[in-house]
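These notes are about the structure you will find just below.
Note that the chains take the letters A, B, C, D, E, F, G and H in the order they are written out, and that residue 1 is the start of every chain.
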Amino acid sequence: MAKNFKYNRLDKNNAAVLLVDHQSGLTNLVKDFSPDDFKNNVLALADSAKYFNLPTILTTSFEDGPNGPLVPEIKAMFPDAPYIARPGQINAWDNDDFVQAVKATGKKQLLIAGIVTEVCVAFPALSALEEGFEVFVVTDASGTFNQTTRDAAWSRMEAAGAQLMSWFGVACELHRDWRNDVEGLATIFSNYLPAYRCLIQSYEAMLEAHKART
Amino acid sequence: MAKNFKYNRLDKNNAAVLLVDHQSGLTNLVKDFSPDDFKNNVLALADSAKYFNLPTILTTSFEDGPNGPLVPEIKAMFPDAPYIARPGQINAWDNDDFVQAVKATGKKQLLIAGIVTEVCVAFPALSALEEGFEVFVVTDASGTFNQTTRDAAWSRMEAAGAQLMSWFGVACELHRDWRNDVEGLATIFSNYLPAYRCLIQSYEAMLEAHKART
Amino acid sequence: MAKNFKYNRLDKNNAAVLLVDHQSGLTNLVKDFSPDDFKNNVLALADSAKYFNLPTILTTSFEDGPNGPLVPEIKAMFPDAPYIARPGQINAWDNDDFVQAVKATGKKQLLIAGIVTEVCVAFPALSALEEGFEVFVVTDASGTFNQTTRDAAWSRMEAAGAQLMSWFGVACELHRDWRNDVEGLATIFSNYLPAYRCLIQSYEAMLEAHKART
Amino acid sequence: MAKNFKYNRLDKNNAAVLLVDHQSGLTNLVKDFSPDDFKNNVLALADSAKYFNLPTILTTSFEDGPNGPLVPEIKAMFPDAPYIARPGQINAWDNDDFVQAVKATGKKQLLIAGIVTEVCVAFPALSALEEGFEVFVVTDASGTFNQTTRDAAWSRMEAAGAQLMSWFGVACELHRDWRNDVEGLATIFSNYLPAYRCLIQSYEAMLEAHKART
Amino acid sequence: MAKNFKYNRLDKNNAAVLLVDHQSGLTNLVKDFSPDDFKNNVLALADSAKYFNLPTILTTSFEDGPNGPLVPEIKAMFPDAPYIARPGQINAWDNDDFVQAVKATGKKQLLIAGIVTEVCVAFPALSALEEGFEVFVVTDASGTFNQTTRDAAWSRMEAAGAQLMSWFGVACELHRDWRNDVEGLATIFSNYLPAYRCLIQSYEAMLEAHKART
Amino acid sequence: MAKNFKYNRLDKNNAAVLLVDHQSGLTNLVKDFSPDDFKNNVLALADSAKYFNLPTILTTSFEDGPNGPLVPEIKAMFPDAPYIARPGQINAWDNDDFVQAVKATGKKQLLIAGIVTEVCVAFPALSALEEGFEVFVVTDASGTFNQTTRDAAWSRMEAAGAQLMSWFGVACELHRDWRNDVEGLATIFSNYLPAYRCLIQSYEAMLEAHKART
Amino acid sequence: MAKNFKYNRLDKNNAAVLLVDHQSGLTNLVKDFSPDDFKNNVLALADSAKYFNLPTILTTSFEDGPNGPLVPEIKAMFPDAPYIARPGQINAWDNDDFVQAVKATGKKQLLIAGIVTEVCVAFPALSALEEGFEVFVVTDASGTFNQTTRDAAWSRMEAAGAQLMSWFGVACELHRDWRNDVEGLATIFSNYLPAYRCLIQSYEAMLEAHKART
Amino acid sequence: MAKNFKYNRLDKNNAAVLLVDHQSGLTNLVKDFSPDDFKNNVLALADSAKYFNLPTILTTSFEDGPNGPLVPEIKAMFPDAPYIARPGQINAWDNDDFVQAVKATGKKQLLIAGIVTEVCVAFPALSALEEGFEVFVVTDASGTFNQTTRDAAWSRMEAAGAQLMSWFGVACELHRDWRNDVEGLATIFSNYLPAYRCLIQSYEAMLEAHKART
């Protein structure tokens, strides 16, 4: 079965991030995550992209209308990123500026997240796969109307060869080795994994307590 | 993995819709959606089919018996559509009139929805795949007895090459670009996505408020 | 236990309906119902109120801001109802106009629904109970952020003496006897209970089939 | 807290069973149980009523219309029971024949089950409580549209003094002591509790195996 | 994708049923179905096998020990079926008598169900696939410890080429056309699909009512 | 509301534990907990009872039949406890030996757990409340057929004045102050709360690491 | 029923907040909320307490051991708050310093949250109720091992007269009227209700867009 | 479909077990299992590895920091196993010592379990697949942050050719035939499958009872 499997790991020198339609209005359509979880996951992905200096491309659909503006926190994180406000194309890949921006990065591994999963994520994912890119869907930074729709969307992308990941898996696969920067990775974990933050807090409290005693 | 993937998008000039056994009695067997959600999804698909002028074929099984009549709202939407009341075939594809009606459309992409998923949807889906059609299952306009049965049915169709979609994904992939008709697509979204309707209402209220002020 | 229980049924001559903050923006905060279910339930309650000619009072909070306008469908249903756009009071009962409108109805049974349950419903419900009104919370036309919050809100209102109902229970308790107007009640059920509508459709189809035969 | 609690146990000489609107059409509206579970529970209650010779009263609402006939299995079990086909009253207690039939039993403990919980069960339950009956709702032989509606209905009945039970609890509280009829009770358990049936089967197989050896 | 898909439908002349370890003790380990649902599904499959005269093979593991006897209802349904009480082999396919019984049927399509899914079903399923049989797992007549284990087991079998079905899908695919025996199929549906039974009851009641009137 | 509330805390000098029908056969009927969770909770309660030297009374129903023997681990923990194998009474309180054993403890606070919740727990709980005992139901060491049945049983006991607790709450309320025996309580937590055990393990590892360094 | 109900609303001049054992180790035992949700809710309550200048009391249990330190974010928010590191008392109310700190506030309404719900919240809640305080449990800023344990804990506190609330309900009931400080309340909502933040973002974007146009 | 399927069963002479990062701190991050279930599953896998004498390799990540020590129970079970405390590599397969230890076993079938699934399990699984090993993920002895993340991780590993199993399936596939050692396998089942333990207890009690009688 696994005969010819080739593990093309995420490589920070060969990966770009596409954030598709994380807009304020659309975000409130997302019901397959709690709002806290979803906000956390999206910012975690964005912050990881920044941390690893991955070229990041922002795109929106009709941000002057009901869909609302790009979530300002994301905009603020990537002031110099290509930002394509699509005039109408639903599939971001149908927008030449977007595709050019993607290709201009020279990267072959695309991390895609967006709202909603079965459209704004799936359509460009399938288009990119067709053009030979490796596609990694960041599932927990992508949201949609309900679980049924999500399951169907995952199935379609998976069948086409996309790999389903989480922002945490992405960060770990990019980082490879804690020794590349222990503090940097730990900061991301601490900021976006409250349970891991607690582990760190307990650990540090104990360190201090023992320093105090000795 | 994704080597030879070819993204054959849904094309409004090459797609037909098959609505299989959406009958009043059978609808009450559906338990993997709330009744409100299911009614909404089925009508959303039907209305989308109409909006895109997709050839649509209706079929029923024993509508004079316990299965009940074709849901009248659907019948009313497609007064001129081929309507095959099957005399006994469980798999609609075993009915020559049905297959002829499908082939008469000249389309190669079939959107299939029906009740119940593992029979009325899966059987014709597998038959159509065998004959070389591209099959897109509209998962949220198809219902069945419970989640376990649905999961198994999805798996079988997926393994055979069917693509799992939702009515919303279908509408978006067919429309391609909002500019083809902003109002038309927005009307469908407004009618069948209550959360999107709310976004529009908030937006329009604000527009008016500001017009009033200026 | 049940010693002194007095069953004060909902009485269409003694009941008023308070719809609190069913606004477009706030509606998208509701996550304890699917959007289809919630829209259906709210409209079902509103339509029932209209059908039974219950005095209905509308109120909103900051409808020119992020909370959005009163859902237009509701506004359209009650063009002449008292409509109190509260300038700031969170508890509608803190607004004198609102309380006067309630008292002007002369009714002692208050049906309350709104968004969000633990605030816009619970606060006026508790205030009304304190003033001796009988309070019936229409639970499925009231929504909030999540199930945990809802459970806590229900518990608080219940402990204070509010009765928890659904729009369907309300309609049935008000109507008392089908013979008062079979068609009227059936129309409400048909419009807002898709599963009941299917029962009616199957029944009517069969009636016609048999008429045709005889 | 429990100061004045009096445990009026179910007493087979003082209990009657009211089966309200277990009709074929209405049964298909029930979505808070799987169809298998619900069918099992309703028949288990009916069979228990029969086993303990409890006076049982049947009533239906519009059984010639969409609501459908009384489930035939129940009808067959109680050929001589009072059977009140209500001409329109939604609350069975509003029907004089029904109330007379209840009072004619001379029992003070009423076991009530029906479809749907918040109406056909709750309304007569509240009426009976008001008249001083002890009311025991057989929760798992009563069904409704969804879990939210059920929770609200339980809360309302509970606050009025109704006791919430299951058919199994009812059977056990009525039987009191296995020695009254070991085989009789075991038969009911075996027929309606598949897991208990399995325990019996394993036990009996072992008994036989050992008899065979000795 | 679906290029070379060949739809080998279940064929009643080419299918055999393997019921693996449906024993009383083991049944009580099943927690991914309610006991009522599981009992119903297993008997529905067994009854369908009988109805279509499919060769059926029974096998058990240690039925004199804690695993308990083959569920007596199944034993009674197939008095003449090959019955292999395995002396120790966990994978039934490791038992020569079992494999010979399977091969003696001359059928190439195997319907497999059993307890527990990831062992008693998956192991012979994988063995049979390796020998070139077509394998159809009857998922809802197979049970295991929990949902996680089930999901993993389904995935493993699916990847090996097994098709996941439900007993209802099996019955429908075998029957092909209602006209082959309307009453026979309806009887199975009525006995094992309580919701379908209700549709039939409503229909028949109406028929009789109208006969009475005319 | 809380006017006259008196907080009678669990008092280790005034509490007894009743373990009702924790038998091997009956345990396999429990489906409202995973088997691991339930086993853990029951042993945690038993071990706590032992730790606090609470008089503990064991009782079983038909342990020579399908219900199976008292779980041997429990039997082994309380070799000298009163052990009442009831000859037939379903409500343990109907057995004079049992009641005498309870009264012989001289305690007024009864901790009750058992299988199944709505019968073996609820019946003696209600009987004990009637006789003026304070009753604390150990909810997570009591199991039953499903969540619906459990909810109804809790409601009935709650309305009668029973207090719903967990084994952990019981242990903490009995212990009052860690300083009474830090190690003893920590051992119980470590043995029956795997997550707490992990906290301890991390803590101790760190302590050792630092000792090693200093 | 509601006869004598008195609605003692939360009053910012009469309320104090007790944060009990929100420690890093214990936080990781919480499994009835996602970590993101729980962190968000606890900080939302703390921030609300600060915003309304409510006297706030911090207490911990064994913070030098496995339970871990008080979550540093909370410590930083309340540098001058009474901080009682309990030497062993499990019920914070058993610690005289704690009770004195509570009484020193002179407030009669106590908002309590903590980890775990059935112990660290419930015990002081019951003690405070006994002494005549009004107790409001902030349910979503309190966490525990699982949903079952939580349900039981809620029930016990509710029966004793505690009111169950959410942090959002608390903030709204304290604020009373938006006009007291629109921006202040909006900031809290924006920071801790991501879905509300999105409403604000959409609104503000639109305002700016229209300003730009005019 | 299943054309070329080759069933390479787990072979106790060709399998090794990799336990990756089962550390105390990390264990408390796991939320897709209850703590009791997860502890049970991990120990069940470890004990099975020991029982079958499978070479087992332990590895940890930063065990002196917040991640905590290797769970001591596991450490104690395998005192002589290769134990690789990785200095920083996130993917264990990036650590030469680890890979050498794996290869030194000479086995081609790798059973992998760890925390968290999408990283500590998935990364070495994909690396091992690439090198031609057969990989069996022990899904229920592997845990992660939530169900969504798990689903994505399973999908990625599955697509690469890993087989998803449970510890129970592993034990059964390795054992092949009960007769190889009835008591040994039964002991594992009894220790880690509480429901199976109950079956054994009932069986043994009955055996003894009958011995006593004869």
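In this section, contacts are C-beta pairs under 8 Å (C-beta built on N, C-alpha and C of every residue); 3 or more make two chains touch, one makes a residue touch a chain.
For reference, the UniProt names are A, B, C, D, E, F, G, H = Nicotinamidase-related amidase.
Since the model is a prediction, treat every value here as computed from it, not as a measurement.
Relative orientation of subunit B and subunit E, expressed as the C-alpha superposition rotation angle, is 90° to the nearest 5.
Chain centres computed from CA atoms place G at the largest separation from subunit E. In terms of residue-numbered contacts, C-G and B-E present the same interface, as over half of their contact pairs agree; the other options in A-F, A-G or B-E do not. The pairing of subunit A with subunit B is characterised as different-residue: of all residue numbers used at this interface, under half are used by both copies.
Separating the centre of subunit D from that of subunit E, both taken as means of CA atoms, is a distance of 33 Å.
Centre-to-centre separation of subunit B and subunit F, using mean CA positions: 53 Å. Computed from the mean C-alpha positions, the centre of subunit D lies at a distance of 47 Å from the centre of subunit H. The set of subunit E residues that touch two or more partner chains comprises 1, 25, 28-29, 31, 34-35, 66, 68, 145, 159, 193, 195, 199, 202-203, 206. Across the complex, subunit C meets subunit G through its residues 25, 28-29, 31, 61-62, 65-68, 87-91, 94, 116, 118-119, 122-123, 126-127, 129-130, 132-135, 145, 148-149, 151-153, 155-156, 159-163.
If you check the complex, the residues on subunit F that touch subunit H are 24-25, 27-28, 34-40, 63-64, 66, 68-69, 71-72, 193-195, 197-199, 201-202, 205-206, 209. Listing the residues of subunit D that touch subunit H in their complex gives 199, 202-203, 206-207, 210, 214.
Within the complex formed with subunit F, the subunit E residues making contact are 28-29, 31, 34-35, 145-146.
By the touch rule above, subunit D contacts subunit F in their complex via residues 1-3, 5-7, 9, 32-33, 139-140, 154, 158, 163-166, 168-169, 172-173, 175-180, 182, 193, 195-196, 199-200, 202-203.
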